[in-house]
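Chain IDs A, B, C, D and E follow the sequence of writing; residue 1 opens each chain.
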Amino acid sequence: MNIVFLTLSAIMVLGAVLAVTLRNLVHCLLALVVFFLGIAGHFFLLKADFLGAAQILIYIGAVAVLILFAIMLTRNISGTEGGRSSLGGAWWLGVGLASSLAGMMCVFVRRSELVTKLPYGATEEGVVKEIGKLLVTDWVVPLEIMAVLLTAALIGAVVIALEEEKKR
Amino acid sequence: MSATGIIQTQTLEVSLGPQHPSTHGVFRMDVVLDGEYVVKLKPVMGYLHRNHEQLAEKMTWLGSMPYTDRLDYFCSMTNNWAYALAVEKMTGLKVPERAEYIRVIMAELTRLLNHSCAIGFLLSDCGAWFTPVLYALREREWILDFFETVSGARMMCNYMRFGGVRVDLDDASLAMARNIVARWPAFLDEFEKLMTENEVLLARTQRVGILSRNLAINASVSGPVARASGVEYDIRKVDKYGVYDRFDFGVPVGEAGDTFDRYMIRILEMREAVKILEQALRDIPAGPFIAPEAKLRNFKVPAGDGYGRIEAPKGELGFYLVSEGGAKPYRYHVRPPSFINLTILEDMCLGQKVADTVIILGSVDIVLGEVDR
Amino acid sequence: MSVPLGYYLMLGGVLFCIGLCGALTRKNAIAVLMSIEIMFNAAILNFVVFWYYLHNGALTGQMFALFAIAVAAAESAVGLALVISVYRHYRSVDVDEMKALKG
Amino acid sequence: MDAIYQLIHDYCPTMPDWLALALAILLPIAIVMGVFLTVFALLTWVERKALGRIQNRRGPNRVGPVGLFQPIADGLKLLTKEDIVPNAADKVVHFLAPVLVVVPAFMVLAVVPVAKGFIAVDLNIGVLFALAVSTASVLALFMAGWASHNKFSLLGAMRGVAQVVSYEVPMVLAAVVVLMASGSLSSVSIVEAQRGLTGWFVCKPWGLVGFVIFQLCAMAEVARTPFDLPEAESEIVAGYHTEYSGFKFALFQMGEYVAAITMGGITVTMFLGGYLGPGCDLPKFGWLISACWFFAKLGIIVVINIWARGTWPRVRVDQLLGFAWKLLLPLSLVNIVAMAVWHFAPNKLVGWVESAVLLAVAIVALVKINAGQTFEKRSYRFTS
Amino acid sequence: MSNLLGKGMIDGLVVTAKNFVTSYFDGNRKDRLFTYQYPEERMKLPENSRTFPFLVYDGTPDQMRCTACKVCETECPPQCIYIVMERDANGKPLLRPRVFDIDISVCMQCGICAEVCPTNAIKMDCDFERSAHGRFETLLSHLPELLKSNDYYHQIKSAEATRVDATRKPVKKAAAPAPVKPMPTPADILTEDERSAWQRGCQSEIGTGPIVWPPPVVVKKKVAGTNTEQNVSAAPLPTGTPWHDSGIDIAARMELAKDRSLADKLMAAMAQLDCQACGYDCRGYADALASGTNSDFTLCTPGEEETKNMLEKLLKEAGKL
C-alpha cells in the first residue's frame, strides 16, 4: 500500500502548498478542495470510512462553497490589489518559523520509538453501526453540546453577516 | 458600494438582448436587476425597421398590399383587410356580400391561429418544453394549408383587394374550412386540460405583471391585453365594420389584468371566434367576390385622408392614408397594436423577477415586424 | 498496511506547518482562513492515525475526529461571517489594514 | 472488488500480484463506465424520441435505423465543434468545471448495486458516500458560472447552487428513513432488507412519502423540469453552461444525464428494492434477471423524468426554494417520526395505519400552512 | 405553490401520455404526426400555391405570349423584373422581349405581375426548389430559363390554365425574325400601286396565321390557259381601323391613317396592344387625348419613344398642346 500512501500524500501536500501560495483566491480554493480530497482518501485508507464520507460531505460540500461565497462577496478575487504581492508584511518571518517547526517535528518523530509502530488487527466491519451506538450512548453529552454549538455558530454567522442589513 | 458602507448588492445591468431565445424576434430589454428583482426596464426596438411607410409612398396603392403581409407576419389576412378597409373608406368602393363573409372567415381563422400560437409561446417561456406550442402548431398547419389553397401562400397571403378578395372560395376550400373549425373545440379542450389548471402555471402567472384598468386606457392599449384588465373595447362591436353585426358573439373581459387573465382571455376569444366561424361558414351567400368596378391597374384614390381600423388579433390595427388623388399615396401610416401595447411593458415589469419579465413580454404577445414596421 | 506510523506523523506535521506558514504570510483574510482550515485538517488526520495505529479497539479516536470536523466547520462559518462584516467596514480584507481597534 | 481479485487468482495464478490487484480495480470501473455510458447515450435517444412523440412529431429518425445512432452523431458533432473560451474567462476554472460536473456523477455509480452480487465497491457507508459525493457537484456549478464571466451564467450559477443546496437537506432526510428501516448504510444490505412480497420500501406509507420527496429532490438536484432553473433557456439563455461549446458542453450534458441516471439508480436501490423481483434468486440466471429488474425500474424513473419534462412548466426561483424549505423539509422530518411509529408499533397493521394517518395529517397541515398564494378560480363576463 | 402536486398537473400528464400512446397507433394520419419527411415524402401543393413567376409560351418557345409591354415591370412592388423589347435591324419594335430578367432573390412571390399582365404571359410557378450556390448571378433568372410551355402550365394549374385559355384573345405578333440580313424596305422594290396592293394583301391575311416578313410580293397571276395577267384584287379597304395590328410598324400605321380624323391618327400611333397600361384601350386613350380629357401623352409604355414623339407631333399639329 506504500505507493497509494505516497501518491495520496504527495497530492495532498501539493494541494496544501498551492492553496497557500496561489494568487488567485478561486484557484487557492480549488487546491484546498484537492487537499480535502486527499484527507478523505487517507481516512478511507485508514479504514475510517464514515469519517471519509463525513469529510467529503462537510468540507467539500459545505465549507468549500462557503469560502467561495465569501470570496465572491468580498469581490477582490485576485487577492492582490494592484498586483502587489499577496504576501503580508513580515512574510519571511512566518516562513522561517514554520519551516523550523516542521524540521524539529520530523527530528522528534524520527527519534521517538513510535516511528516503527505497525498497525495490528484490522478493525471489524460495521463501524458505522458502532459509531451510531456510541454517539447516543457514551458520547451523548458531546453530541448535545455540539448541537448547541452548531446552532450558535449558525445564528452568530447570520447575525454578523447581515447585521446592518436591517438598518438600510 | 453605497456611501453608508453597508452591503449594497450591486445592481446588475443585463440586456435581454436582441439575440435572446424568448423575445419573440429582435427586441431588446435593458434590464437593471437588483438580485433577481427588476429595478428598471427599457425596451429597445428598431432592429427590424424596414422603412415600410416610406416605401409605400413610392409604390402604387396595390403595390404596398403585399407589404402589409409583412407587418404582423402572423396575421397577414387581417393586415390586408385593415389596409383594404382604409382604402375602401376613402374611395367609397362597395364590397359585395360574399367578399365580406370571406373576409370575416379569414380574419377569424387568423385570430384562432394567432391566439393559439401566442399562448403556446407564452407557455414555452414558462418552461413547458414546447409541448403546448407544438399542439398549437399542429392546428395552425391546417389553417395555413387552407390559406395556401385559397390565396396561394401560407403566411404571405396578399389575398385581399380594394373592393373584395382576389380568389373566390370554391366548395372544396369551404369544406376544408368547415373541417378546421370542427376540429378546433377538441383542440381547445385538450389544451385547457393540459395547461389551465396546472398549479405551476397558476403560481407563475397569477398576480404577475398586473396592468391596471386606467393605465391600460391611458396608454391606449388595445386587444386581449386591454380586455384582460377590464376594458370592454372590441372594435368589432364598436365600429361594426364588415358584417360583424350579423353574428352574435361575446367579448370576454377579465378583472385582475395579470398574465393569467391575458392567457384565459385569449382562450375564451378563440372559443368566440369558433362561434363566429360556424355562423359565417353556415350562411355565406353566393355572388361576386370582388366589386365589379374595382380597377386593378391605374387605381386612383380621390384626394383626402382616411383612417380604417379593425380588431386584429393583437389589438386595434389602423391604417391612416393621405392621398393627393394620384396613383401613389401621399402619406401611409400604420397604427400597430404591438408597438403601443409595448409602451406599458416597464410598468408591468417593475418589482417582478427576471423570469417574470419574460412571461409578461410573452403575455403581451408582440410581433416585431409590426413594432418596427 | 505496512506504512509505519512515523510517516503519517511527519505528513501531519508538514501539513500543519504549511497551514501555519500560510496563516502567517498571506495578506488576504480569506486566505488566512483557508490556511487555518488546513491546520485543522492536519490535526484531525493525526487523531485518526493515532486511533488506527494505537487504540483501534474502541472508536474514541474516530468519534473525536468527527466532533473536531464539526467544530472546524462551525468555526469556518463564523470566521467567514466575521471576514464579511470586516470587509463591509474596511472595504478590504487586507489583514495589515485592520489596525484600528474600533468598536 | 475482492471477489474479482479472488476470481483472477483462481483462473491465472501465474499473474503477478500487483497486476491482479490493478486488474481487480480497473475491471469493475471499466464495466460500470461502459454500461452506464451506453445507458446515457440510450437515455438521450429515448428522451428525444419520447418528447417527440408527446409533441406529435417523430423525433430523430434520420441517423441509423430508428434514429439510434443519433447520440453518436451528437457526440461527433460536439467533438468536432470549436471549443470557444471567452477571453475574459478564468481559463483554469473554466476548464475544470465540466470535469468536476462529470466526476461526482460517475463516482456515485460505485455504490449502486446493478444486479445480485454486481456492485463496483461494496462500501459499508454506501449511501452516505453517494450523497456526500453528489454535493460536490455544487462546486462545479459555481465554478462554471463564475469562470464564464458572463452575467447570465453568473445568475444561472447562483440559482443552481441555491437550488442544489436547498434540495440536499430534504433529500438526505428522506434517505435517513430508509437507513433506519434497513439498519445499515451499505446499499446491498438496503436492497436485501426489502425482500419479501410487500418488502419494497415504497409499499410502506413512510416509504411512499420518502420516495416522492426523494424523487422530487433528485429532479431538483439534477435540474430537470419542473426545477430546471439553472439552465432556464427562456430567461437566462443557457445558465451556467452558456459560454461552453464543443466537447466541454458535451461533458456538461453527459454530467447532467448521468447524474439523472445515478439519482434514478439510488432511488431504485433505496425505495423500489434495487434488483429484487420474482426470479432474481434463481441459481443459474438469477443475476441476469435481477439486472433486468434493476434496469426496468430505472427505466420507469427515467420515463417519469422525461414525462414531467414534456408537460410541466418551470417553477420560479423563490417558489422553488420555498417549496423545499417550507414543505419538503418538515414533511421529511415528520416522515422520520412516522417511520419510528411504524417500527415500534405492536404489529404490522397497527403500525401501518398509524404512520399512514400521521403522514396524511402532516401533509394536509403543511399544504394548508403553505397555501399562502391561493389560486382563485377566475370568472369572466362577456359583453354582448 | 403549495398544492403543487394537485389535480392540474396530473391532468397535464394524462394529456401528454394520451398523445404519446396514440401517436403510435394513428401515427401515419397527417393530422396527428403532421411533419412530412421532406425529401422522401413530398407534400402535394394545392393548385393555387405560388412561388416564382415564369413566362408562358404556346407551342414553341418563339411564340411566347409576352409582348414586352412592361406593365409587370412597373407594377412589381420590389421592382425585380427588367425587360428590354426586341427591335429588328432598323429599330422596329418586335413586341417580344429580348431581355427578360427576374431577380428571384428580390422577388417576394406576391403574384401581382401575374395579376396585372394583360396578355396572360406571366404566371406563378409552384416549383420552390430554386436554391443556388451563388447569391447574384445564379439567382437572376434570364429569359430562356423563365420560358415554360402552356401545357406545363396546364399540368401544374389545370383549372386556372383552362380558365385562362378560354378567356384569352390571341394577340397578333411579328414572328421571330429570320437570321438578320439586310431587308429591302417596301419603298425600293415595289412601285407605288404594288405597295398599296401589298398592304391590302397582307391585311387580308390578318388573323389567319403568323405574318411572314419580308412580305410576299403580289405578282400578276397568269390565268390558266390564257396569257393575260390578272391582278389579285384585294378586299376593299376596311373602313374600320386597319392599322390596329401591333405587327405593323408605326410609319406604316400612320400611312394607313393619314387621311383620317385626329383621334384615328392618334390611335394609329399607339402600340396597338390594348394593354391598358395607359388605363384605357388604344381607342379609348386616343379619344381621351383627342377630346382633351387626358392631356398626358406619355402613358403608352409599350409604344416607347416613337409613340410618344408621334403623339406629341400630332397634338402639336392639331394645336391641342
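Things to note:
Just so we're on the same page, a contact is a pair of C-beta atoms (placed from the backbone, for glycine too) under 8 Å apart; a residue touches a chain by one contact, two chains touch by 3 or more.
Since we're looking at a predicted model, the values are computed, not measured.
Chain centres computed from CA atoms place C at the largest separation from chain E. For the pairs B-E and D-E, the count of C-beta pairs in contact is higher at B-E.
Of all chains displayed, B has the C-alpha centre closest to the centre of the whole protein C-alpha set. Distance from the chain D centre to the chain E centre is 70 Å, each centre being the mean of its Cα atoms. The distance from the centre of chain A to the centre of chain D, with each centre set as the mean of the Cα atoms, comes to 29 Å. One simple way to say how far apart two chains are is to compare their mean CA positions; for chain C and chain E this gives 93 Å.
The distance from the centre of chain B to the centre of chain D, with each centre set as the mean of the Cα atoms, comes to 44 Å. Multi-chain contact residues, meaning those touching two or more other chains, occur in chain C at positions 84, 88.
Residue numbers of chain D whose C-beta contacts span two or more other chains: 54-57, 310-312, 315, 319, 373. The set of chain B residues that touch two or more partner chains comprises 6-7, 131, 135, 138, 194-195, 198-203. Chain contact summary for the complex, chain D toward chain E: residues 50, 53-58, 61, 212, 307-308, 310-312, 315, 319, 322-323, 327, 366-373. Put simply, chain E touches chain D in their complex at residues 1-5, 9, 12-13, 15-17, 19-20, 23-24, 27, 32-35, 37.
Per the touch definition, chain E reaches chain B in the complex via residues 1, 3-9, 11-12, 14-16, 19, 31-32, 34, 45-50, 71, 75, 77, 108-112, 115-116, 124, 276-279.
Residues 59-60, 62-67, 131, 135, 138, 141-142, 145, 148-153, 156, 158, 166-167, 183, 190, 193-203, 296-298 of chain B touch chain E in their complex.
Per the touch definition, chain C reaches chain A in the complex via residues 1-11, 13-28, 30-31, 33-35, 37-38, 41, 44-45, 48-49, 51-54, 56, 59, 62-63, 65-67, 69-78, 80-85, 87-88, 92-96.
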